[in-house]
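Following this line, the structures themselves.
Okay, so chain A shows up in both of these, paired with chain B first and chain C after.
Now for the complex of A and B:
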């Protein structure tokens, strides 16, 4: 498919055009925090921000959503599906790691039985990714075979010297491109060369990142019990507060809880994100199967690094975005776990 | 400093004053230290510098219930939380040997990043400067520009409790800002402005509960928000009302016990200035019941748990009103 280009100064026009027909979500700064918010003409767009504080998963898998309503009238109960309406939207400026996270979520929510709530958002959303520019020391996407210079999605973008390059990758991406192509110019061979050069430059930077070569040896289904029974979990989990920061900022954490809210004359059933770090996670009549923080902590990492890949052809459910590295109150994170139990420490 | 501390704790372990140490463990990078318990042979990984921010007092609830005695490394502000937990009978004092460590003010990695510093390879504290090596080149920053907010309103370099204090010989860190400045600003807003300020901040909350779980005053065995019978969901903000109420109720619950250690704001992944809620209560308590610093003195009577005849009447709410 053809590549296009547009000068950065004209981006607001591009945003306005896209926003005419659907909601447009971009990294937008509000109260000192950059998140994917709906765009409007006054928004402070921060395409330069490497990663948003929260991931983009909210757009497909919101933190809280309504499922159905039960109404009691005398001895009758009526059931009404009241899912939140989903409209077409564009998600612009997603990094390569977060784009991969959607593949991870797809494995969970689009596998049989399909989660129609997630599915309808996936179908309605067009993902425009953005190649990275100045990666952080906390980035380790490369360990999972993700190329930050060549992000996937429906459309990929590169920002090079004041010009945004735009390349549709899917039919959905092509369809959106057609609605805005009048604003852009077609890119030529020279442009192609410029993009390739910027990719090379990014690769050179990536190689210098301290976690570039993070070694995942030993994290697979074959070493499940050995990893599970490792004595090292005790030390690793010792200071964990059991808060849910790591799980809530993570683009791939996918667990949810289904709850009923009794409003006195009926019940609203909704689902909300859950965290394996929480005391009531998978609570059953007899209690919770993981009573100690060690077991809860271990679950998070075993799921991402062992259970998930062994059930999904080797695909890890971590994409190396580094959010849990910067947000954990006590700086315990997946990299420390990988280094303690994998690579050269994998016995 | 790390070496001084290591020498001291090695000596204390060797002469059997205690059998383990609660301190900070070196991270993967140069700012990501983790609280940890060390045995004598593990001291290599112990570190103490500007990034030793986590307040270790709360860990002593669990640690002091174990057998033996633990050395706790506490910064001056951490000792207030320690005392408060002693007053609340949460820590077994007999099982803790408190070693006070001097503090030059903690460093804020987020402020360093806000200065446009990325791809950090190493950070060195050299006098009043930070030398930061990054994959994009070396940068130098004055230490004072990237001090953690809470430390700008430092309560002082004195340890409120300690079995022993390590002296650094360096000049003591001092407060640079008025602790109630922002509270006063908020008080002077109209209620609409104030509401807009707090909605702006609290709407960022993802309800991860880091603020609650890190808080030394939040030591309930089961938080009311985790009780299914409470009907609220600790893990989701179903609506604005719940979002606001969680924080307001929490602030009420720690009022009079909050030492203003600043951990809530430090750990919030969304950068919400939660300490302002607590400081508002502290300011009001100071005004109504006389100056009181929680955790300064374990003999002191809590202003909200003591009744005096000249205490303000509930009607004060109406008299002062809201603007």
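Now for the complex of A and C:
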């Protein structure tokens, strides 16, 4: 498909055009924090921001969502479906790692039986990705075979010297492109060369990142019990507070809770993000099989690095965005786990 | 298969009978609003029952699939939701969704086999369904032995049905035991795992164990001492569940989800999983 370009000064026009027909979510700064928010003309758009504080998974798998409502009358119960309506939307400025996280979530929510809430959001959302230009020292997407210079999605974008380059990759992306192409110019061979040059420059930067060589060999979905029984978990998990920050900022964590809220006029049942790091995650009337933080900590990383790949053709449930590295209050993270446990089985 | 969100949305069931089994176990009969059954199931499968505002949890279906009149659930009072359920009277509506999980292989591996059922306490609940299924299709299976134990005579679930129907049926041997001697009990006294060893069962049987984790562990060890292989022994597990369809993450052990890959497991399959249940 053809590549387009638009001067960075004209981006507000592009946003306005897209927002005419649907909600447009962009990395927007509010109260010193950048998150994907709906765009309006006064919004402080931060396309340059590398990682939003929370990932973009919110748009497809919201932090809370209504499932159904119950009316209770004496011994009688009635059920009323009240799912929030899903409208078409555009998600602009997603980095390559977060784009891959949607593939990971798809494996869970689109597997039989399909989660129709998630599915309808995926179908209604157009993902416009943004190539990275200045990756951080906490980035390690390369370990998962992700190219930050060549992000997937429905449309890929590159920012080079004040020009946004725009390339549709899917039919959905092409359809959106047609509604805004009048604002853009077609890119020529020289433009293509500029993009390629910027990609090369990014690759050169990435190769120098401290986590560029992070090695995942040994995490192949096999050796499940050897990894599980490793004595290293005790040391690794020792300082974990069980705060769950890592799971909430993680683009691939998908565990959820289903809860009821009685508002006096009925009972709202909703689902919300949950965390395997919490003590009541597996708590039953007779106790929990994961008694200490060691077991909870181990579950999170075993799931991401061993169990998930074992069930999903080797795909890891981590995309190397690095959010957990910056957010963990005790500076523990998946990289330390990979380094500590990797290579154990092929020494 | 139904789509997920529809799967998370239950139907309404109504309690049509409440039976007091033991001081802390009641059996609830549930019908759909039209008087029929909410769904068909196979022995070993589970269902999510809920009282909106109180909670939703997974319970084994106690009645046999051959019973087309109602579903029964034998439920022990042991927590928030089950306390509420135990206060229910006939006519109370609840929500129900299911069935979930893999059943016992009653139409495949079990066919033609001599069957040995071993239950402890409320562990009889899931086995009740299989036992009555096998009784219904009696000629498909060989001999049937049932070992059932509980703390006391008063804690034996379905005691009347066991005495009046199971014990009187030809080709079925029932062995009951209680943990400690009790007035009015002239049967066996002792723990299930030891009793199973004493009974010295033929090693060609296919065994099914359900009960507290510690009882399962020692009974399995006892069977192995007798010469049983783990491939001949089945059990059914329970962990906390929210969705029932392998997505919410709670019942994940190793690369399995108990709700969809279990709850029935052959004991050799458990060896491949982390010991976290």
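Brief remarks on what is shown
The rule is simple: the second predicted complex is superposed on the first by the 337 of 347 C-alpha atoms of A that agree within 3 Å, B and C clash if a C-alpha of one lies under 4 Å from a C-alpha of the other, contacts with A are read in each partner's own complex, and residues count from 1 in each chain.
Simple rule for what comes next: a residue touches a chain if its C-beta (ideal position, glycine included) is under 8 Å from a C-beta of that chain, and two chains touch if they have at least 3 such contacts.
Everything quoted here is computed from the prediction, not taken from an experiment.
Superposition model on chain A: chain B and chain C are shown accommodated side by side without a clash.
In the superposed model, A:72 lies in contact with chain C only, and not with chain B.
Of the two partner chains, chain C is the only one touched by A:267; chain B is not.
With chain A as vertex, the superposed Cα centres of chain B and chain C define an angle of 90 degrees, given in steps of 10. In the superposed pair of complexes, A:257 makes contact with chain B and with chain C alike. Contacts of A:179 after superposition: neither chain B nor chain C is touched. Residue contacts after overlaying the shared chain place A:245 against chain B, while chain C stays out of touching range. Once the two complexes are overlaid on the shared chain, A:21 sits clear of chain B and of chain C alike. Think of it this way: put the two complexes on top of each other by chain A, and the tightest Cα contact between chain B and chain C is 9 Å.
In the three-chain superposition model, chain A touches both chain B and chain C at residues 257, 262, 274. If you check the complex, the residues on chain C that touch chain A are 1-12, 52-56, 78-80, 82, 89, 91-95, 238-240, 242-243, 245-250, 252, 254-255, 272, 274, 276-277.
Only residues 27-29, 31-37, 54, 59, 109, 118-121, 134-136, 200-201, 203-204, 206-210, 212-214, 222, 226, 228, 231, 233-238, 263, 266-267, 269-271 of chain B touch chain A when the two sit together in their complex. On chain A, the positions that touch chain C within their shared complex are 67-68, 70, 72, 75-79, 81, 83, 108-109, 111-117, 221, 224-225, 228-229, 254-258, 260, 262, 267, 269, 271, 274, 276, 281-286, 288-290, 295, 299, 302-303, 306-307, 310-311.
Interface residues of chain A, counted against chain B in their complex, comprise 30-33, 35, 50, 53-54, 63-64, 134-138, 205, 208-210, 235, 238-239, 241-245, 247-249, 257, 259, 261-262, 270, 272-275, 278-280, 325-327, 329-333, 335-336, 339.
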